[in-house]
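Each chain gets a letter, A, B, C and D, in the order it is written, and its residues are counted from 1.
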Amino acid sequence: MSDAEKYSLNSQEVAQATYKLLEQRGVTIADIAELVHFLQAKYVPGLTIEDCNVHVEAVLSKREVQNAILTGIQLDILAEQKQLLQPLQAMIENDEGLYGCDEILALSIVNVYGSIGFTNFGYIDKVKPGILVRLNTKNGRDTHTFLDDIVGAIAASAASRLAHRNQAEREGVTTPPLD
Amino acid sequence: MSDAEKYSLNSQEVAQATYKLLEQRGVTIADIAELVHFLQAKYVPGLTIEDCNVHVEAVLSKREVQNAILTGIQLDILAEQKQLLQPLQAMIENDEGLYGCDEILALSIVNVYGSIGFTNFGYIDKVKPGILVRLNTKNGRDTHTFLDDIVGAIAASAASRLAHRNQAEREGVTTPPLD
Amino acid sequence: MSDAEKYSLNSQEVAQATYKLLEQRGVTIADIAELVHFLQAKYVPGLTIEDCNVHVEAVLSKREVQNAILTGIQLDILAEQKQLLQPLQAMIENDEGLYGCDEILALSIVNVYGSIGFTNFGYIDKVKPGILVRLNTKNGRDTHTFLDDIVGAIAASAASRLAHRNQAEREGVTTPPLD
Amino acid sequence: MSDAEKYSLNSQEVAQATYKLLEQRGVTIADIAELVHFLQAKYVPGLTIEDCNVHVEAVLSKREVQNAILTGIQLDILAEQKQLLQPLQAMIENDEGLYGCDEILALSIVNVYGSIGFTNFGYIDKVKPGILVRLNTKNGRDTHTFLDDIVGAIAASAASRLAHRNQAEREGVTTPPLD
């Protein structure tokens, strides 16, 4: 930005960068929707991947979520490019077990849809279904230390949103809580 | 609930109980709106109490927020009635400085509108403008150990929502993020 | 407390009440140590239940943890005695899925040993090994809505502490971080 | 790291890098101790800066705290060097109000000493005493978007630790909680 230009936030740009970065790192909406389906299928008879898609997209539309995604993926990319200072470089590159800033950013995503998502986040992060296996396979090239937690968190949040909406439907409420 | 009755969540009832309890404990929407105004007036020229009202009501419509309010006020009431076990009774009754479950519940409210509200929550909780002075005045009768933090958290959340909406307006975005 | 008596916090009393309440609710240190063993055995060759005990006791010695335990169990007990206001009574009694204050209190325990415990907490809360099955079995009499999350959180925290200490040992560090 | 070298965490190195980075960014232990003094002087008669130093150093000895410091300062440095992707670069460079990952990392520090620190963190972050003014003064060169929140969080945590220890002393407890 030149000195002459004044900064002003462009929310469209933030949203677009989020979608683009996820795609570049090999994560699609469908991948995340599949995780939501894994988490919720047994509670919601007839749940389709398309249903899950809607909730993933709603989660991704939140600024707080976008900020965490942009920041986490940025750190993954810089670690891949060996551009971080030591020992942070080594900790992120090796997904060090005692390094928890990835979980911290992920939790900030889960929080947006409330505490009922904590359990799903922890569960999925441990069991690693679907895309999470791939993100966790070390190939000596890609670093997804932040991304795998972030993807799990988006799925857990979407599952929370689905649970809330489902309840609203069951009660015949047509107007969901204001956002 | 009799054994014959099956439990099912009634969201209307949860929402109504929240509004009613706040009122019974002497806190109105207007009181909280005033706190939002205190926090945001200098950033938003021409901000009215009516504007603030809208955001307070949106925050109060969230299930996660309602749960925290119902739980916190319940504990305050039980402490007033000396129905808690010791030493919890004494800690809540005396708003013990090393007891932090009130801040914990309050933070779960702030989280719903993202981390930008933390600062406002801490600030208002310390400076205690408006209704917060009254809630913190010990009269030997009322216990508001949880309620004062909860009211501060609702105000901080409403301030966050206002900040997000204001940005959307500035950018001419007509459709806010899906909830 | 009579008007004449001035309140002052007695930390011993808080600690003792915590241990006593856990025991009364049927949870022993050994039960929680077993959960820690379940979580960490595959990472720590030769890990014994006795090793795990030490970490559970260290977690239980923290004030923040004690506060959450006292508050959560108190709410469980009051729910059993039908002393809570509706609809909070019904939500806690029925471990309502959209009620998340139990997870909130549990998370405040996990946080004390850092974010690396989130995953273990979520996992154990879902898989429900050992004592967690029993705490989750509805018998129409006992309410353990808060306690099951709290026990999982203590185990997850103890697992985090164990992981930190293990690393220190591996590096031959004799003085652990000051507390 | 060459393929031949196996990664293993060196805790000494993590600790030293933390101290060195803080110093390089112009923040001394004494600066943070002064903030602790600002927060606690009125509650602790005779409190000295030296007393505060001890607590700041204890907070800094925690791995979770070190991780957050290294990560936050790294992002500040990369923003100064214009090495981040847009729009993250612009948001961090301009300390965008709707970007909250700095508060998120800061909160992970506060959490380690429990929820009683939230209020102090928010308060100090708003009032900006001592070093916090300097960190927040834009000179068109330095970026301290993460560091100012981190410093406030360390001070708030040290204040919490001080409050806990003070209580222990008042009660004549010689053995503080195990860490």
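FYI, a contact is a pair of C-beta atoms (placed from the backbone, for glycine too) under 8 Å apart; a residue touches a chain by one contact, two chains touch by 3 or more.
Here the structure is a predicted model, which means the values were calculated and not measured.
Looking at A-B and B-C side by side, the one with more C-beta contacts is B-C. Our note on geometry: subunit B versus subunit C, Cα centroid distance of 26 Å, whole angstroms. Touching two or more other chains at once are residues 9-10, 63-64, 98-101, 104, 108, 114-115, 164, 167 of subunit D.
Taken as a contact graph, with one node per protein chain and an edge wherever two chains touch, the assembly is complete, since every chain touches every other chain. Subunit A meets subunit B in the complex at residues 8-12, 57-58, 61-64, 108, 111-112, 114-115, 164, 167-168, 170-171, 173, 176-179. Interface of subunit A with subunit D (complex): residues 1, 3, 7, 9-10, 13-14, 17, 21, 63-64, 67-68, 70-71, 74-75, 77-78, 83-88, 90-91, 93-94, 96, 98-101, 104-105, 108, 140. Listed in rising order, the residues of subunit C touching subunit A in the complex are 97-101, 103-104, 106-107, 114-116, 118-127, 163-164, 167.
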